[in-house]
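This is the structure, below, for whatever I ask next.
Letters A, B, C, D and E mark the chains in the order given here, with residues in each chain numbered from 1 onward.
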Amino acid sequence: MEPILSVANLRVDLKTPRGTLHAVRGISFDIAPGETLCLVGESGCGKSMTALSLMGLLPGSATRTSDTLTFEGRDLTRSMKELMRLRGNRMAMIFQEPMTALNPAYTIGDQLAEVHRHHKNSTAAEARERAIFLLEKVGITAAAERLSQYPHQLSGGLRQRVMIAMSLMCGPALLIADEPTTALDVTIQAQILRLLADLQRDLGVSILLITHDLGVVARVAHRVAVMYAGEIVESATAADLFRHPRHPYTRGLLASIPIPGRTPPGERLGSIPGTVPSLIGGVTGCAFRDRCGYAEPRCAEDVPWKSVGSQRWRCIHETLPAVAA
Amino acid sequence: MLAYALKRLGLALLVALTVSALAFVALRASGDAAIAIAGEGARAEDIENVRKMYGLDRPLIVQYGDWLGKLARGDFGESLFFKTDVRPLVLEKLPTTLYLAFFSLLFALVISIPLGILAAVYPNSWVDRLCLSLAVLGQAMPNFFFALILIMVFAVTLRWLPVSGSDTWAHFVMPTIALGYYIAPAFMRLVRAGMIEVLASDYVRTARAKGLSPRSVILKHALRNALVPVVALAAVQLGFLLGGSVVIETIFALDGAGFLAYQSITHKDLPVMQALLTMLSFIYVGLTLIADLINAWLDPRIRVG
Amino acid sequence: MTDAFAIVDVAGPTSGVLLRRRIFAHKGLMLGTILLALIVLMAVLAPLLAPHDPYAQDLTRRAIPPIWYENGTWTHILGTDNLGRDYLSRIIYGARISLLIGLAVMVISGLIGTALGLAAGYFGGRTDMFVTFIVTVRLALPLILVALAVVALIGGSLWVVIMVLGLLKWDRFAVVMRAATQQVRSLDYVAAAESTGASTLRIIVGEVLPNVLPQLIVVASVEAASAILLEAALSFLGLGVQPPLPSWGLMIAEAKAYMFFSFWLIAIPGVALGILVLAINMVGDGIRDVTAPAGRS
Amino acid sequence: MSALLEAKEVTRTFWVGRGLFAKKRLLTAVNNLDLSLDKGEVLGLVGESGSGKSTLAKLLLGLLAPNSGSITLAGSDVGAMGRLALARRIQPVFQDPYSSLNPRKPVASIVALPLAVQGVGAAERRKRAVAMLEKVGLAKRHADVYPNELSGGQRQRVAIARALVVEPEIVLLDEPTSALDVSVQSQILNLLLDLRRDLGLTYVFISHNLAVVEHIATRVAVMYLGRIVEMADRETLFRAPRHPYTRALLESVLTPEPGLGVPETGLGLAIPNPLNSPSGCVFHPRCEEAGPRCKAEVPRSLRSPDGFVACHLYDGGVGRAAA
Amino acid sequence: GKRDNSIRFAYDQVAESIDPYMNNVRIGVILGQQVWDTLIYRDPKTNEYKGQLATAWKWIDDRTLEVDLRQGVKFHNGEEFDADDVVYTLNFVVKPDSKVVTQQNVDWIERAEKIDKYKARIITKRPFPAAIEYLAGPVVIHPNEYYEKVGPRGMNEKPVGSGPYKVVEHQVGKLVRMERNADYFKDSPKPQPTIQKVEIRFIPDRQTQIAEIMAGGVDMIMNVALDQATQIKAVPQLQVVSGETMRIAFLNFNSMENTPSPQLRDIRVRKAILHAIDRETMVKQVVGEGARVLKSQCFPSQFGCATEGIEQYNYDPAKAKALLAEAGFPNGFDLDLYAYRERNQTEAMIGYLRAVGIKANLRFMQYAAMRETARAGKAAFLHQTWGSFSVNDVSASTPVYYKNGPDDLNRDPEVIAALDKGDSSIDPEARKAAYKEALARIASQALSVPLFSLTTYYVATKDLNFVAYPDEMPRFWEMTFR
C-alpha cells in the first residue's frame, strides 16, 4: 500500500545563542494508512520537532530540510498555502498539554466549529452538528451543553477529548499526537489511549504517536521508531522491538524501567550511564557511543543500518556481544 | 455578581475614604487654613475669628467627621479662593480633563496596539526595532518639552492649530498628542511582550495547527488574550493621566481639573484640593473596576469560575 | 566511556560565558551603559571638566549662543544662559543633580516598595491584602498633584523633592516585587529552604531576593528615569528644585521663556535630559533582555 | 510498635476563589486522614493528581499546619516541635529538579543551606556538602557550578544531597522521578535504594507511577480525593487489591508488553473535583460496584493486619443491587 | 482682532471673583476699572482728580467727605445710579461680615450716609488725607438693589456695574467676555469706548501667552519679561510698549532679635549685601527700559520721597567681601531668600550674593504665603515689590514696611517715630522733613536694599493704539485700532 506519509532524510536545525542545534538529524520513516507509528525517545531527542516540522509549525528560529516529505502524494514543502489547506483538515494534531492547548477566551463550541467552518465552508449549524457528533464519539455526555462551556471549566481528561474531537472535525487521514497522555493521570491515560485506538479502528486514520512511555508504545503501536539525539536508531514492529531490542540504547531503556512481575522489587535497575549529548555542533558516528557499554573506536565512523525482517537498527554490532556495561 | 459589585464598591469607598483622610490630615497639617481663609491683610484677631467661624479650632478628627458628613450629602464645601461651591466648580472642570485623558489614552492605544502587534509578529525585524526605538525615545522626552515643541511647530510656525483653550476639538489635538505619546510606549511594550508570549502559547499553536489564516490566528486567538494586561494598565494609566494632565493643562491653558488642582494647590484652597483628590481616587477605583469588567469579558476564566 | 568516545563539546559554554556574550552582543545595553557611564563620569568629574563656575553670572554676557551659531564664542562653547552663566558648566554640574535625584528617589522608593512587595508576595493572606490596599490607595492618589501640593506647602528644595518623590513612587516596586515574589514563592526551592528550618528573613534574603533581582533592576531603572523626568516636571511648574541649582529640569523650565528666540537654551538641557533618560532606559531594557530566561525569541 | 511518624484525623482545607464573581469556596485537600510510618519503611503514596499527596507531604514537613487532627514525629507534635528540630529529622525532595534548586546559588551552597541554618561553620559546611555530593554520585567539580549547568538527573542528585546532608531519619520524596526520563529515573531510584540501605533511612515516596512504587515501596497507601482509601503491604496490595479504585489503578498500568492492548478500566468520566466532593464514599460516582449506601455513607476504615481499606464492599456491602 | 473691532487679552492669573472687593489680584483691578466706575477719577497722565460718579467733593471736617453725585447714570442692568448705591456699597464693604478681601482699601471708612438722592457723606475712622486717592482707585460703586439681591457671589457670576464695558459671559477660572457699554454716560472722564468686544482669557503659562500672541490667537498680553519683550520687537506683526510703573522692588531684612538669619543683625552684613548687588547693571540687563535704580526706600515721584542726603551704597563686591570678613564671615554663609515674582531678578541677585560668598537659597512662593511667613517671623530676607496702590504719597509705601506694622521686620524706633510724624503732620514741609529723616535712617542702618522701579512690558498686535500707564492698567475704553 502507498504510505500516507513519507519522510526521507528530514533535518531540523535551530538557531540558538550557543550555536546551531541539530534537533532532527536526517530521519526517514513512512506511515501506512490505518497504521499507528510510535516515535519514542527521551526528552529532547527531537520527537516534537519532527511532528511540528510535518505540520509546518516549527518556531521561527528553525529551518527544515528533507529529501522527501510527502503526504497523500503531495509535497508538503512546496507551498505554505497548500499546507494550510491540509492542516486541521487532512492532517491534524493533538498536543501534550490539554490544559493550555485550548484558547481560554472562547467556548469549546466556537473552537470546534471554527475549524470545520474554515475548511469545509459549512454553516454554523452544520459545524455545530458535527461538533456534537464528535464530542459524543469521544465519550463526552451532554455534548450539546458542553459546547457553551469554556476550556477552564473542563478537567484535563475532558479537554484532551475535546482536542481529539477537534482534530477529527474535518475527517483527517493522519493524526499526529505529541505525548497526548503524559500530562494525565494513569487512569485517564488508559481511557484516552483506548479511545484513540477505538477511533482508529472505526475511522481508519493513521496515527503518529509520540511518547516517551514504553508502556504506551507497547500497547498501542503497530510500528515503533526509537529516537536518540535527533536520529532514529531502531525501528521495528512493536512485537519485534520488545521481544528483541537490537540497539544498545533500546535495550538500556527497556532495562531501566521496573516491570511489575518481572523486575524484583528493591533490586537495582539497569541504567544508562552518562547524559544525552548536546545537539549543538556536528556529530559523526553513533551518538550513543559515549554511554554505550559496547562501544568501540569504530563507532565514531559512519554506522551502517542493520536489518532483520522489518526490524532495522543502526549499530556496528549485528548482535550484541556478551560484555555488559 | 452582586456580592462582587458590593465588594468593589466597598473597596472604592474605603480607598476614597483613606485618600480623603490622608489628604485631609496632610493638608491641614501643613498650613494654617485660617490664615489662608482670612486672606490678604487679615489681622491676628480676624484670623482667630475665622478659626472659630470655620470650626478650625476643633480637633482634626471632628473636622474630618464634619467634612465627611457634608460629603455624604454631596456637599464638598466652599472654595476658599473662588468663594463658590466646590462641587459645581469641580464638576464643571472635570469633563475637560476626562475628555483629555480619554482621548490621550485612545491616541496611545491606537498607535501602540498595531505597532506592538507588528513588533511581536516580526520580532527583531525593522518594525520591531522601530517600535523599540520609538518607545525608548518617547519615554526620554519630557512631555512639557514635547508640548512646547508642538506649539512652536503646529501653532506658531504652521498656524494649523490653536495654541491654547478648550472650546473646539482643535484645541484638544496637541494636548492629546503631548499627553498620549508619553504613555504609548508602555502600551507598546506590553502589547509586544503579551503578543510574543501568547503567540508562543499552546493554544495559538493549536489554532495554527487547525489551518487558520495568520490573520485570524493573530487577531482572533492571540490578541484577545494579549489584551488582558493592557486593559489593566489602561485603567492605571487613565488614572495617571487624570492627575498628570496638570502640566499639559497649564501649558495649553486647558481649563480642566488638572489646572484647577494646580491653582488650588498654589492658593492653598483646601476644600477644592480635597474634593479633587477624593473624586480622582474614586474615579481611579471606578476605572479599575471597569478594567476588571472588560477583562472578565475578554477572559472567561475571570468571568465564569 | 573513555575520552576517545567523546562526541562533541557536550557542556558547551557555561552560563556565565553565555551571559557575558549576551551582554556584549546587546547593542542597546552596551550603548546605554556607555552613555550612562559618560554622564556619571561627567557628574563625578564636574569640577575638573567644567570650564567655568556654573554659578558665576555676568549680566553683561547674557544668552550668548553656542559655538555653532554665528556669534558664538569659544569661551562659552554652549553659550550662556539668561544670567550670563556658562551653559556648558551648568550642564556638566546639572548631571550631578539629575543623577542624584534619580538615584536617591530610586533608593528610597525601592526600599519601601521592595519591602512591601516582598512582604505581600511572601506572606500572602492578610499581609497581601493590606499591601494591595495601600498600593491601591497610593495609585488612587494622583502622584503629580500630591507631589505638587506637598512641595507647595513645605517649600521646594532638592531634598524635599527627593523625599517627596521617594515616598510616593514606590508603587511600581511594590507591584512588580509582589508578583515576582509570589512566583518565586511558589517554587520548590523556597519550600526546600523552609523545610531546612531557615528563618523567614534568611529565605527572603537568600532565596527570594536574588531571584527577583533582575526585575528589581529593571523597575529601578524605569523609576530612576521617571523620577528625573518628574523632577523636571515639578521644576517646570516652579515647584521643584530651586535655583541657582543647575538641575536639567530647572534649566528647561527657565529656558522655556526663551524657546521662541533662543531655542538652544531649552534644547540643550532637553537633549541632555533625553539622553540620560534614554541611557537609563536602555540599560534597564538591556538587563531585562539579557537576564530573561529565554532571551528575546 | 509505636509509629515514627503518625498522622491522626488530619484535615487541611484551602479557600479558593475562582473567577471574579464567584464566591470563595472551601476545598478540602486532605480529609480526616490517618497515616502511620514505621522506622525503616518505604511508604509509597499513590493517587491521582489533586488527591492531596503534596498537601499531605507539606503537612508532614510542617510547612502547612493542619486545620484539625494531629501529626506526631516519634511521639511529639510536629507543630510544637520547632522548625530547626523538625528539619534535622525530616527532609524533602521535590518533583521538579528545575524549580527546587535556587538558580542563583552554586551547588555547594545549596547543599550546605540546611547546615548553615543549623549553625554549622563555613569550612565544616563545605566539607560535609562536598562529601555528600560525592555520596550521591556527583564530582567535586560540581560543587561550584550553578544548577543551570546541570542535567535534570544531576539536579535531582543535588536535591537529594541537600536533603541528606543533615542526616535526617525520614526523607519525604514528592514524585522525585516523575520529571525525569526513564534512563535517569532508574539512576535515581538505584541511588535512593543504595542510600537507604547504607544510611538506614525511612522514606515516604509519593508517586503516581505504580510500577515505580511497586519497585521501591514496602508499604503502599492509595489516596483519593484527600483520603487514604486503602493501605497495605506492597505484596498484598499489588497481589490482592481490595478497594475498587486501587483495582482500577492497577489495571490502568501499561506495562511494556506488546499485544495486550489498552485495558478497559471501567472507570466513568466523573473526574474527581476536590471543590465538589461527592457525598458518602467519594469514589462512588466512578465505581462500577457502587450501591446506594456508597452515596449515603462515608465508609469506615477496616483494619487488616498490614493496613486498612475504606470501602463498603468489605463492611456489609453496598446496599441494594448496583444502580 | 481688528476685523471685528475686538480685543482678546490674555492674563496669567485668575481672579477669584470679579467683584473688585472680593479679589486681590491685578486682573481683578483691571476688570474692575472696565466694568465699574469710581466716585473720583484720577487722570493717569496729569494725576489730576476728576469727577466720575461724583461731580464734586469736599472735606466738611477732617473726617467727613461730602460728595455730590452725577445724575442720569445707569448701571448695565438699567438700575439708576444715586446716593443709595454709594451708601449701600460703602457700608456693605466696611462690615466685617462682608469678608471683603481688599481690607486695606476700605478700612479707613467708618460709614457712609445719604444726604439726599444725589448727595452723600463718607465718614473716615480717623483723619485720612489719602481718601481721595483711594476713592479714585479701588473703591468702586455697585448697584445697591442688585447687590443686595445677589450678593458678592451673584456679582461674580453676573457682574453689573456702570463702567464702559459690561460683562456678557464669565466662565469661572477661564475667561470673561465683555461688550462695549453703548449707554456709557457721556460726561465720564473715561472716554467712550470704541472697541466693541473685549475677551479676557486666562492663560497661566507666560510662554503659552507669547505663543498665542505670535500665532495671532490673542491681541494683547502684558507683564512680558524684558528679554522676551526685546526679542518680540523683531516680530513684524507685533508691537512692544513699555512703561515704568510705580511698583518698586526692594530687599527686606528681618534684623530683629528672633530673626531666622541672625547674621542679618550685623549691620556690616547688611551693608555687604547692599554693596554686593549691581543694581545699575540689573536695571539695564534684566529690568527694562524706563526702570530706575532707587536711591531710597520709596518711589521717587511720591510726595516725601527724599533722594538727596540719603546714604548710597555703590556696587563694590570687594568691599562687600571685606565687610563680611570683618563681620566674621570670611567664607560667607547660607540663608533663605524669599521671593514671589520677577524670579529672574531674584536669581540674578542670588548670583551676585554668591559671588561675595553668600549662598542664598531661593524660596519662591505665592505672595500670601510669603507674607504670612514673613509676618510669622520665619523669613528674614525677602525680595519684595510694592505698588503703593498707585498712591503718590510716601505714606502709602514706606510706612507699610517700617512703621511697626505687621510687615515691619526691623521695628527701628527712630524710623517708626519719624514715619509717624510724617504720616500725622498736616504741614507738607514738616512731613517732608520727617520722611527724609526716616529714609535716611533706613539707609544708614542698611535696613533695606532699595532696588529699582519696575517696568511693565505690553505686547500687542501692531495695529492697536494704546498707552502704557504707570499704574499697570490697560484701559480698553481708550484703545482703538489703526
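The criterion applied here is as follows: a contact is a pair of C-beta atoms (placed from the backbone, for glycine too) under 8 Å apart; a residue touches a chain by one contact, two chains touch by 3 or more.
Each chain and its UniProt protein: A = Oligopeptide transport ATP-binding protein OppD; B = Glutathione transport system permease protein GsiC; C = Putative D,D-dipeptide transport system permease protein DdpC; D = Putative D,D-dipeptide transport ATP-binding protein DdpF.
It should be emphasised that the depicted structure is a prediction, and the values quoted were computed from it without experimental measurement.
Touching chain B and chain E together: C. Counted by C-beta pairs in contact, the busier of B-C and A-B is B-C. In this assembly, A is the chain whose CA centroid lies farthest from the centroid of chain E. Distance from the chain C centre to the chain D centre is 48 Å, each centre being the mean of its Cα atoms. Taking the mean of the C-alpha atoms as each chain's centre, chain A and chain E sit 90 Å apart. Note: centroid distance chain D to chain E, computed from Cα atoms, is 87 Å. Centres computed as Cα averages put chain A at a distance of 31 Å from chain D. Residues of chain B in contact with at least two other chains: 31, 123, 148, 152, 156, 200, 250, 262, 266, 268, 301, 304. In chain A, 59-60, 273, 275 are the positions where the chain touches two or more neighbouring chains simultaneously. Contacts with at least two other chains are made by residues 207, 211, 214 of chain E. By the touch criterion stated above, chain C contacts chain E in their complex at residues 55-57, 59-60, 62-63, 82-83, 85, 152, 155-157, 238, 242-244, 254, 256-262. The touching residues of chain D, when paired with chain C in their complex, are 58, 61-63, 82-88, 90-92, 94-96, 99-105, 110, 113-114, 117-118, 145-146, 148-149, 159, 162, 166.
Per the touch definition, chain A reaches chain D in the complex via residues 42-43, 139-141, 155-158, 185-191, 193-194, 197, 212-221, 238-239, 241-243, 252-261, 263, 265-266, 268-273, 275-276. Within the complex formed with chain B, the chain A residues making contact are 55, 57, 59-60, 84-89, 92-93, 95, 97, 100-107, 114-115, 118-119, 150, 152-153, 163, 166. Of all the residues in chain D, the ones that touch chain A in their complex are 48-49, 151-154, 181-187, 189-190, 193-194, 208-212, 214-216, 234, 238, 248-249, 251-265, 267, 269, 271, 273.
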